[in-house]
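Dropping the structures in below, format is structure tokens.
Two complexes come next, and they have one chain in common, chain A, joined by chain B in the first and chain C in the second.
So, the complex of A and B:
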């Protein structure tokens, strides 16, 4: 990178991070302050089952709210246990009706500004205190970055747990940095999937998913594979013995497990036995990125090509057809043209109009969603490049270049197209953002199991953490695209790069 | 003066444009000889067809325009027959070059200056780029760019307006053309720069020996640059002659009007003379003398029949009924009388000096 750019790039990175921070804070704040806690149970099947057990029903609700961060919740039993110890007789004495502990619980917790209520059947007391929105926002940030280290696991039943790092090989024989005492066994490893070097040291945590994918951290929901689990044969050493077994466990996700069962002991030498599965299909993130990037490439490739040709054949047949297409796409609702296109694709080309028909493994499943997603982008890019080209064609320098003796074709490709592409670079971030927005529609329409489908459904399910995480990802991608666009413009447009050079001095 | 060589000769040229299914006649039966090595100035209000006329010499008419009639002979070649870029290739930019009005926009803002010069050298002279660069650097120095080597890789926006026009001139002259058309090359520049550019063109012309057509709507500039002047009005040449003849002894009332509006001749406290009225529309046939409706010397016949060219001297012709022997004597405006007086003094001085 040229020296003068460094300052500019740094400045833009900082600006981008600030934008991401502001948008996420606003989203977290809005979600926490605007979604009443009563609504979060809308999609919860479990709660329906508890309807005729009022005490458990009540308890379940409060525990859920607590785990979602709405409030702090404590029952009389937990309070007694915290005072007398877990297995003490005094706990059951305290809970007997007429016990003076009732009064003590009420008094002490009310003093801590808790609301104290009695359960409808047993009459046991519980207390809760709403957590102010600002505190929740702060907690969200406090939990955001989770750093793994060898003193992270605290297991009273395993006082001899070794703590430290060591080099090892994973199940496929690739070198890895592993650790003990950490939450994750594998800290850094290499494999064949992008971005090839992976780590478990820093994890982002944006809360857990609820009610769908209950209890799993939302980023894992978005990032983990889908569909059927994929089993493979694994050979490893346990206690000096070579063992071979079939498993779908992804060894790189292995976490500390306090209580090992026998099956675990057959496979694992240590306490790191709790791993996620490998699935056959890509994650939501993976599917959305595949479709998104392909459609972005198509939008730019096809859109720019037909726009250039239309400008060359201005007012001829090709141009008129292109303009007709642009007008058609921009004037009718997105959903309608996607529906029409899906019918066309299904009836004429025989392609599946729902993703799950053939599934993520089949290339054909991707065709209609990808093309549908690029229809709008093609129209946009074609319109802009045609406009810029026509502008350029009427510019004085074109007249002069022609009078120098260059042919129409030479002027076209050496001067006009090149010049018209520079403002197009400005439009790339918008194309990315358009693709993100389009994905919400196309993925829902074709039932593609990606982030675009997850987003609207997480909104209707009041899956707060998911809404926040997806907003974060979409914001991040948009801001990153704008950043890249700016840098790219600085590189391709000499007028701007020189201004930047001056500014950097 | 011995009879000069004619380098380009236009005969009875008619140019028409199609505009929204209507036809506009921009050039109406122009005949013009261009002499080798001379500087011919073409003057006239804007819209009179100066640009269109010279565009026909390089086949640069827009796609809605066409040569309806006439011929243009250049070096024995009939230019009106050339159609495609390929056919024009050996002429446009190689033998006939054009410098346009606005140096700010004549260069591609996004290409380095050097490439824009070498491009045309490589194209016409089929030279390898290293040699083209050498020629380009030499040209840049010739047109007065200091640190040519360094400025070779600059972009147009790093150049001032005057510098850009120098580059445009360098590009136009890169292939040593026979004819250089300067279409209002200094209109967009401020006065001091204007003078420098005019000087530059004159010096280069001496050195390279090309023929110049100098288009301007400003008669004031003409005296400094031209050998001959052609005055255009509404798609026609109405008067042409040597600079002295046009300035000191103009015959056409339109030329009179142009001279009257020269700021240098304006009397103090009097507003600058402006020609009343507007030029005629070119969409319909023009009956009689096109200038008649704005001409206070117009005769009855001016509204009925187009005047022929009358010869005033072997080099001086004017297309006005006032020169007809039957026409009444017209009293030209004061400004013209002042010029005549100056002319007479001038001649006396030069002849005295010669003696």
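So, the complex of A and C:
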């Protein structure tokens, strides 16, 4: 039996991973091949400023495309520098108009299958070559997992950089494993927030965000705090002396910084001086997670309760009201009932109908988005459990139990509800997927700064990396939920546990 | 005396066909369906409402000629923000458009998208599902595809596809249908598998019923109720998807009228001029509820087990 379970779990894990892989590959491929590359500039302010300087405009566009992985881009100046070194005389002679270097550049790069074009004003040449979509998909996967190690930083100005691990204490005095030569200073540390033990050794990287949150890796955008920075007093040792200063830097995110300025040297002993800020409000992930989990609990709790009660009072008033609610919620568009509910919550309960009114610190901001998100789930769960219970009530074993003289309550809670445990477990993945889908709508409606709002706004901004990352996260969560549901069902199902007991004898 | 009683009797002719006739009430499937359906006043009410609203949505915009790209009263402030009156039943909006025209034009757009997409999804779904249910060879392939696709929430799929295709009417239809038929096909496949191996079909096959008769008499009557169930869940669902996509600004372009776009554009007036949001909301709600309820009642009526 155990062997069977293990095999089944292994098979399901493999299946789930294949699903996530296929969906993300397809997404990456479609985004890279179907979205016209001109569109990525739609939300870029910089490009509008350059509009009346055609050369810089052209250069900026190609540099951005290169950094987003669309193409390889090389200018005449860069090519000359790569040949003559940084010797400015030879480079500037090569760039003078009428120089033979123009012909050389054209010939050599065309031989490498580059397209060579001239800049509109200065006439300098530049060359570019498209990177095939399949290569870009492969690169996306190649960059996905980034492992930090003591030989990662290669700084020519700092050849004596020590390389290795050591134990230390962070600013709050907690023990931590730090390293030198790595990208991140702190490798493993402990603190008071979930999941308590943190690491910097393995990072996922899904590209950088552009044009919104320009330059920041997309997963950092989703994971970093929002709102105002939070400053605190920190006492640390620099060169054997105790220093006290106010800062909002999160010491656990400190990265290697090649050029230290005077301020950095006052605060840090080593080159690890580049850290992210601590913010007052939770991250997009954090906000979506809070709202999602709460509404999941609400929809399962309330939905299952009213479903069971409706089944017990079949065809009575309560059942009819519940069925009316279910028909209402499942027929009218989500947007409409959320709008209705928001009006009700604002006018009658006096709650804010936009999240930013009171902000992420205030508990009241979360009430309407959470409840709105659970409205659909409640209807789904209630319908599901009611139908299951009603079917069970006519089952032979229930009739038999009743004819033996068991009371209505005994029959209900000893037999029917126990059997209904299986569909309850089975309905959890459904509820998770419903919550994910609902988050896309409710978060936009209430202007909640979470992942669900980020997705449609990334679509309007053509933030490709963000769209891919969010699709990956959403797919991963729903695949994982389905996997968990399947495993739980095999554990909970009484028929399987019965077989296990027989074998044990 | 004997003669008089004899007059009351006539000789019956021997008829070989009569002796073969099995006594029983006459049963016509479709007649019973409609009888069961129309027996409830409730169903007639919702059906009439649905028909009236659908006809209004498809006829009224032809007469009004409303086009959101043109705002003829944009320079006449006296026509803006009018409350509902005898002249403007639903009032006017912030650019002097008659809301009555706006609402029906939007309904027409949303309904057209939903109906076209539903027709494609259900048509392709039934066809593929029927083959899928019978063929053991393609079952694992389609099941694999279905498992991968169904793992992604539907609205996320549509949003992703809308991003790929760009905004527009046919783009929305494509985004809804390109994976939408899979769910329908899976549902049909399961139903076909259940029905095809039922005892009465087994018996029927043993008695030599030809396949055509099996399909039309044994399987289809069962499937009618299944298909009706699909339709009543599909159409409100697709209207929902369209409103969400258009509301989030990734569905229809701004030059198209639609119920989702209407909620998006008029939501800012919800406090000052509530009529601009209430009427589109009511029409949107009524049309989806009537589709849902009529479909549900028809699905119940078309189930042969409810016929008496």
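Keep in mind that, in the parts below, the second predicted complex is superposed on the first by the 488 of 505 C-alpha atoms of A that agree within 3 Å, B and C clash if a C-alpha of one lies under 4 Å from a C-alpha of the other, contacts with A are read in each partner's own complex, and residues count from 1 in each chain.
To be clear about the criterion, a contact is a pair of C-beta atoms (placed from the backbone, for glycine too) under 8 Å apart; a residue touches a chain by one contact, two chains touch by 3 or more.
These numbers come from a predicted model, not from an experiment.
Q: With everything superposed onto chain A, say whether chain B and chain C fit together or clash.
A: fit
Q: Which chain makes contact with more of the residues of chain A, chain B or else chain C?
A: When the residues of chain A touched by each partner are counted, C comes out ahead.
Q: Report for A:475: first if it touches chain B alone, second if chain C alone, otherwise both or neither.
A: In the superposition, A:475 touches chain C alone.
Q: Per the contact definition in the header, classify A:459: touching chain B only (first), chain C only (second), both, or neither.
A: Once the two structures are laid over each other on A, A:459 reaches chain C alone.
Q: Could you give the angle made at the Cα centre of chain A by the lines to the Cα centres of chain B and chain C, to the nearest 10°?
A: The angle comes out at 50 degrees.
Q: Does chain B (first) or chain C (second) touch A:405, or do both, or does neither?
A: first
Q: Under the stated touch criterion, which partner chain does A:367 make contact with: chain B (first), chain C (second), both, or neither?
A: A:367 contacts neither chain B nor chain C.
Q: Just chain B (first), just chain C (second), both, or neither: which does A:436 touch?
A: In the superposed model, A:436 contacts chain C only, not chain B.
Q: Taking the superposition as given, does A:31 touch the first partner, chain B, the second, chain C, both, or neither?
A: The second partner, chain C, only.
Q: Looking at A:343 after the superposition, I want to know if it touches chain B, chain C, both of them or none. Which is it: first, second, both, neither?
A: second
Q: After superposing the two complexes, find the smallest distance in angstrom between C-alpha atoms of chain B and C-alpha atoms of chain C.
A: Nearest C-alpha atoms of the two chains are 9 Å apart.
Q: In the complex, go through chain A and note every residue touching chain C.
A: These residues of chain A touch chain C: 15, 18-19, 22-23, 27, 30-31, 34-35, 327-328, 330-336, 339-340, 343, 433-434, 436-437, 440-441, 444, 455-456, 459-460, 467, 471, 474-475, 478-479, 482.
Q: With touch defined as at the start, can you tell me which chain C residues reach chain A in the complex?
A: Counting only chain C, the residues touching chain A are 147-148, 151-156, 159-160, 162-165, 233, 236, 239-240, 243-244, 247-250, 259-260, 263, 267, 270, 277, 281, 284-285, 288-289, 291-293, 296.
Q: For a test of understanding, state which residues of chain A touch chain B in their complex under the given definition.
A: 395-397, 399-410, 414-415, 418-419, 422, 493-495, 498
Q: Inside the complex, what are the residues of chain B that reach chain A?
A: Chain B residues touching chain A: 58, 60, 85-86, 88-89, 91-94, 97-98, 100, 102, 105-112, 119-120, 123-124, 155, 157-158, 168, 171-172, 175.
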